[in-house]
Amino acid sequence: MQGLSIFGLLVATFLMVIAKRTPALVRSFRYQSFFLFLATLVIALEERQLNLYVVAGLIFALKVIGIPYFLQYTMKKINVREDLGLIANTQISLLLSLGFAYLSWIFSKQLMSSSETTAILPAVAFFILLTGMFLMIFRLTAMAQIIGLLIMENGLFLLASAVLGGMPFFVEIAIFFDVFVSVVIMGFFVYRINKLFTHIDVNRLSRLRG
Amino acid sequence: MSDPLSLFFLATILIVTIPSFVYSIGYLKKEYSPKKILLGQILTFLFVLSMLAVVTVSNMLAFLIAWEIMSLVSYFLVVFDSEHEKSIQAGTIYVVMTHAGTAFLVAAFLLLYQHTHSFDFNLVKVASQTIPVHTRNIIFIFLLIGFGTKAGIVPLHIWLPYAHPQAPSHISSMMSGVMIKTAIYGLIRFIIYLLGVNDTWWGTLVLILAIISCLVGIIYALMEKDIKKLLAYSSVENIGIILFGVGLSMYFMSKNMSYWAVFALIAGLYHLINHAIFKGLLFLCAGSVYKAAGTRNMEKLGGLIRTMPITAACFLIGAMGISALPPLNGFVSEWLTLQAFFMGAWHTPGTDKLFLGFCAAMLALTSGLAAACFVKAFGITFLAKPRSSYAEKAIESPVSMRFGMLFLAGLTIIFGLGAAVIINILSRVAGASLGIDTSAMVFSVNNITIHPLAGNAMSLSPLTMALILVLCGLLGWIIYKVYRKRAISYNTWDCGYYRLDARHEYTATGFSKPLRIAFSFFLRPYRTTKKSGESFYHIKSMTYETHTTPVFKKYIYKPVLAITFKSAKFMRRIQPGSIHVYLAYIAITIFVLIILIRKF
Amino acid sequence: MRFLPVLLIIILAPLLGGLITKIKNNLRMRQGQSIFQPYYNLVKYFNKEEVVSGTSSWIFKMAPFAIFASSLAALFYMREFLALIFIFALGRFFLSLAALDTGSTFGGMGSSREMFISSLSEPVACLACFAVSLQNGSTDLLAWKSLPLANTSALIAGVALFLVMIAETSRIPIDNQETHLELTMIHEAMILEYSGRSLALIEAASYIRQMIWLLIIAQVLLPLTDPVGISGSQWLLWSCWYAARIVIVAAVIALLEIAVAKMRLFRAVDFFGFGFVLAAIAVLCAVLGY
Amino acid sequence: MLLIFLLVVPLILAAGVFLARDAKSFGVVNALGYCGMLIVSALLLQEVVAGHGMLIEWHFLVADILSAYFIFVIAVVSLATALYSIGYINKDIEQGIISLKKAKTYYLFFNIFCFSMFLVPLVNNLGLMWVAIEMTTLVSAFLVGFYNTKRSVEAAWKYIIICSAGIIFALLGTILFFYAFSLSGCMKSLNWTEAVSTAGSLDPKVIRIAFIFILVGYGTKAGLAPMHNWLPDAHSQAVGPVSALLSGVLLKTAIYAILRFGFIVIKSAGFAYFGNLLLLLGVISLVISCCFILIQKDLKRLLAYSSIEHIGIIAIGLGLGTPWGFLGALLHVFNHAVTKSLMFFGASNIVRAYDTHNLHSIRGAIKTLPYTGTMVLLGMFALTGFPPFSIFMSEFLIIMGAFSKGAYFIAGTLLLFLVIIFGAFMYRFSEMLFGHLPKNRVVQKEPLSGKLAFAFLLVLISAAGPALIYFRKDLLCLVQNLLTL
């Protein structure tokens, strides 16, 4: 069961890496969130913790339904070209992300210093984290950066629930709230950028330098 | 701190600042708005206060604070005419240089603190002997650089000729007369008094710096047309002369020749207070010329001796003093310094004599050049016909200014004639700062004659010398009067060309030409000619200028600045404005830190 | 008693000038003026009426006395060489100022050159004096007593001082008292505006100064102990020798003046550079004990 | 009770915005409110120092001496800013740059921003602290993008994205810390109070890695180079008064967070590790900021870079680990906060009077704005470490710490770059302040509230220096307790 969710997470993440257009990215983000929800649920079943159930619920509510919907809505409202603007093309991105996968595997084995079975989930989490960072750096549009941020957070949630069985409850709630707010605010700014610059290619936002 | 050293500097400061302050009353009037005058006077007051604090506090931290406040206030005074681009630049150069110097002081003080665990002078003095040798050397170097910047030791003098002339004249006289002396106070207080000298090379280094400062200072002074700049450069030279005394005393101290150490320090301190007096005086005179004529360019002055007799007389006395002419004070202190070299060398074993002799010769050269410099300064400014309408319309300055000048002029004479008395006082100061008991040492007999080392032929009595000079002059006058022939007044001989005017007079530039050629290896003079006219063959007018290359600025400071800015511009590229790059920095930082985690 | 030699010097000073000129002329196979000519000149000047430049100020009028005073006062400080140098500087200072005061181009030129020369000559004088003082630990050059041939350092120092003296007494190759050619003249250019009594005073002063220099150099090169406790005949001998050596030095000057040509002004740097090196060698010898 | 008060007042004020009739009167109310805040925080500080040690309320609010100190700093600056805002916003309305509605939103966000900043030192839970800090980012982003110009929006975007991305790593670090705790199996609640008590028994390896994430994450927010790039943009584009808040205290809250985790690291992984990391980043910040200050042409950016420099200095002071250095760093937090606020107020006055940021086209400021000009002149000297102003004292202490540790390289670097930066400041500011009054400029009148703010800050700047010298021994004791807690 857990194996399935891990598999799904990996696939979704690779899909993100090779995504060329924003809708594709959003879609694969939704898949990823779904498998995250699955993974959390499994952990919850194993550990029998109430708050993990709630967290899983929240993931489902926010990340699988809420946020992707909001993102699509924003995209619709600002009708700009949909491509993400790749700094590194898909092949290179794919290779790099394979590298990331390996790196995070090493790293988590170092960190977890215990049997490989416990190290696998954290490894996936780190991998997702790295991929998120990668997308933020190597994709041009503002949308890509928002989604990258969200992906990183997915990674964190996976890590938290994997190694700790969840943070203290109210902290989790607060963070969720925070994520949601930040997405809304960023969406608002994307809207503004589009209005002022008539594009959302943030790489061309370089009036302020030096 | 209330030991003789502090008291001596206290006295020096007050002697110069009080007349300058009186002078300022007349000087500032009508030049600035009342509000600004008030501000100026408040700042001046703070300036004097901070200087007094510097020489009296007994704690390194307090010293540092007083020192910085002094720099700050003096900066405000330098940029007092804040409209002029020049004074802004001058102020900036000044305050940055002095701040850089302070950085070295901070380092030195903290090194002292680290080894003595106290900021208090007395405790530091007690514990300073435990400091390891190489640390002592480092501290010495730092102190030398730190105070050298303030004192204007070459090549750290670069700010001085900009800052001093730009300030209002009474401030210039305080800065040149007193403020740069606080640096000498620092050197004596921290190196000689607190640290204690026991390496010969310290003294030697100071002497070498003294030679360089003297020569460079006076040569630049000779080349100047701006009278206040000339005076500023001559301050660099005189700091050199003072350093001769101080360095020599350090040198003798390291050789345990306590008597001659005291003697040399006396000479140094004597010249210090003398320079304070006559440089203050000269700046005040220059100020009153500037106020009257509205220009500081000597080429436009001349003939002022008729319109401004008092100023002229005071300037003459100052010039005589600074050119070490008997029986005025400058003569006494330079004579003492030379004697310190001669007699010290006589008592020093070995080949160091050669070095000391060389130093003495350089001092002689300096005083010769100084005489030339001030013949030029006085002759071109005050004598012959006015060279411009500025000089023609000049009038004598108001009472308060005259008072300031006359007071200092009087002191110039008194400190010459009363040498034998003063030297006894100074011996106590020197003894206290060197930690030597001078009660047994003889420097003068019956308060008239300077007579070091009783029994030796060497002795001097400025008082009698003055008497003799006056009598001889009288004799000449009597002979002159005996032959009662009439003296008729007529034009200067003009080789039969009947329109001799001011344009035929020798100019400041012309006056210094022989020396400009003699020292061309250092001054690197060059000429610029500008021709104007509709064609090359039909030239309407031609301008021709001679310049000298500012060696230190061109070959030391400019390159350093250039390199700094170039590297800064290069660094600018790391921030191209692309958010992706910035995010990449974060990622890279994390990677690097994690890879290097074992290193921390 | 102390004033007797002073008076003697004052009286004989012009004679020495005359003597040098006489020797020069004779060497040139000329009759030449009498050696008392300087006296005639002085008397003549004193009796002539004086012309004062209208542009000049009290500096111009006061300078002659200052110059005269400095030369005269120097006589009392011959046993303190450093003070001596400074006192001469006093006279020079005022002469240069007076020269600038008239506003004539000649005056400015003269004072500029004079200050140039003197400032270069001072270190040489100082270092030479230093070399001698290393021998007896005082700056009293007249107290110098050992034979020069026995003492290399003093000899070399004496030569260095001699060079300085040439400059100070405005002799060839630095200056030339005889011409009024603007290319060459220094001292003459400064006193160009003076006439009558003032000129007389200045001339007298320069004669005395020259005398003092000669005495000092004579003492350093051909030293002579003071006449203490010696009988009449020996005393006569002593004084003859005392005068003779001055004449010798004078003769050397005269010889030099007709032997060499006047140098370009800026060659003076090399001239004094040579002098400085000599003095430095003298110090070195003194240090090494030769 | 005090702690609650500190959190409630800003919220009440924020709510009050909706009742406000006109901006000016509300501004006054606002300022009064923050007067109260200042008094309360002073009481709090006094109480904590007096020895009650730690105040805990409802188990999730806590105030030990460190947080009380930071609270005090925040209170001081926010009061000054509130004062200054009155005149500033009022003028904006008069000139028709913004509407009343916009002014209200300004005050709304201002209060929420302050609330979030007060929250950071007060929360006991390290996770919630993270939330609070992220909140400061989100709120202040609006204040950066306030004028809705291209530049300001660009700045806001960079600010929000870079800080969020950075802070994600901070969260990762927090999680790893939590993981370390769970490994040692002692706690389940991330509470600071428990954390320090059990810090000794943690696995150093995890802590070391976790701290790197914490440092980079919160370091991004604190503006440590090379994660500083958002800072000059945001600080130069923000609303005048808010620049002061950003530079003055926002950065310090991040420093506070780093310190909190730092104490745990010190206990488990030893001081050297913590110290070296901070020293490294500190020196890099110093060097880089120096380079940019040298060639900077934009007045507010210049000040922003100087903030990076001072954060670097603080980091160095903390990293040295000697009591003097630590004390110096903590005092520097306060001194820099007040001085930099003064400078930013002055800068925004000047920028408004000449409506340009470009230093080359600003001349004779001291004539156009006599009061502001004088203040900026003095502030400039204070900022570059001239006595009798306070920054001199704290920098001196830090350098002293470096010497007493024998870290001569650090001390040398510090001295060298301080001098260079001073030179750059002199070069720029003397030209800007002095010089001829430009033709079309007339002497301008300045609002009373602004003058009050200046006076308030200047008093603090000049008073703090002597005070520090006077109390340095007692302060040292406090710091030593802090280091050995």
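Letters A, B, C and D mark the chains as written, and numbering starts fresh at 1 in each.
Basically, a residue touches a chain if its C-beta (ideal position, glycine included) is under 8 Å from a C-beta of that chain, and two chains touch if they have at least 3 such contacts.
What you see is a predicted model; the values in this text were computed from it and never measured.
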Select, from all pairs of chains, the pair with the highest number of C-beta pairs in contact.
B-C
Please name the chain that ends up farthest from chain A once chain centres are defined by their CA atoms averaged.
C
Measuring from the mean C-alpha position of chain C to the mean C-alpha position of chain D, what distance in angstrom results?
78
Mind checking the centre-to-centre distance between chain A and chain C? Centres are C-alpha means, answer in whole Å.
101
Once you find the CA centre of chain A and the CA centre of chain B, what distance in Å lies between them?
71
Just give me the whole-number Å value for how far the CA centre of chain B lies from that of chain C.
34
Residues of chain D whose C-beta touches two or more other chains
157-158, 161, 165, 209, 292, 295
Can you list the chain B residues in contact with two or more other chains?
572, 575, 579, 583, 594
Please list all residues of chain A that touch 2 or more other chains.
133, 136, 145, 202, 205, 207-208, 210
Taking all chains into account, which pairs touch?
A-B, A-D, B-C, B-D
Contact residues on chain D for chain A in the complex?
125, 127-128, 130-131, 134-135, 138, 141-142, 145, 148-151, 153-158, 160-161, 164-165, 168, 171-172, 175-176, 178-179, 182, 188-190, 205-206, 209, 232-233, 236-237, 292, 295-296
Chain C residues within the chain B interface of the complex:
46-59, 64-66, 68-70, 72-73, 76-77, 79-80, 82-83, 85-87, 89-90, 92-93, 96-97, 100-109, 111-113, 115-116, 118-127, 129-131, 133-134, 137-140, 143, 192-193, 196-198, 201, 265-266, 269, 276, 279-280, 283-284, 286-287
Over in the complex, which chain B residues touch chain A? Could you list them?
572, 575-580, 583-584, 587, 594
Spell out the residues on chain B that touch chain C in their complex, using ranges where they run on.
303, 305-306, 316, 320, 323-326, 331, 334-335, 338-339, 341-343, 345-346, 350-351, 353-354, 357-358, 360-365, 367-369, 371-372, 375-376, 378-380, 383-385, 456-460, 465, 468-470, 472-473, 475-477, 479-480, 483, 485-494, 500, 502, 504-506, 510-515, 517-518
Where on chain A is chain D touching in the complex?
111, 113, 129, 133, 136, 142, 145, 148-149, 152-153, 156, 159-160, 163-164, 167-168, 170-171, 174-175, 177-178, 181-182, 185-186, 189, 192-193, 196-197, 202, 205, 207-208, 210
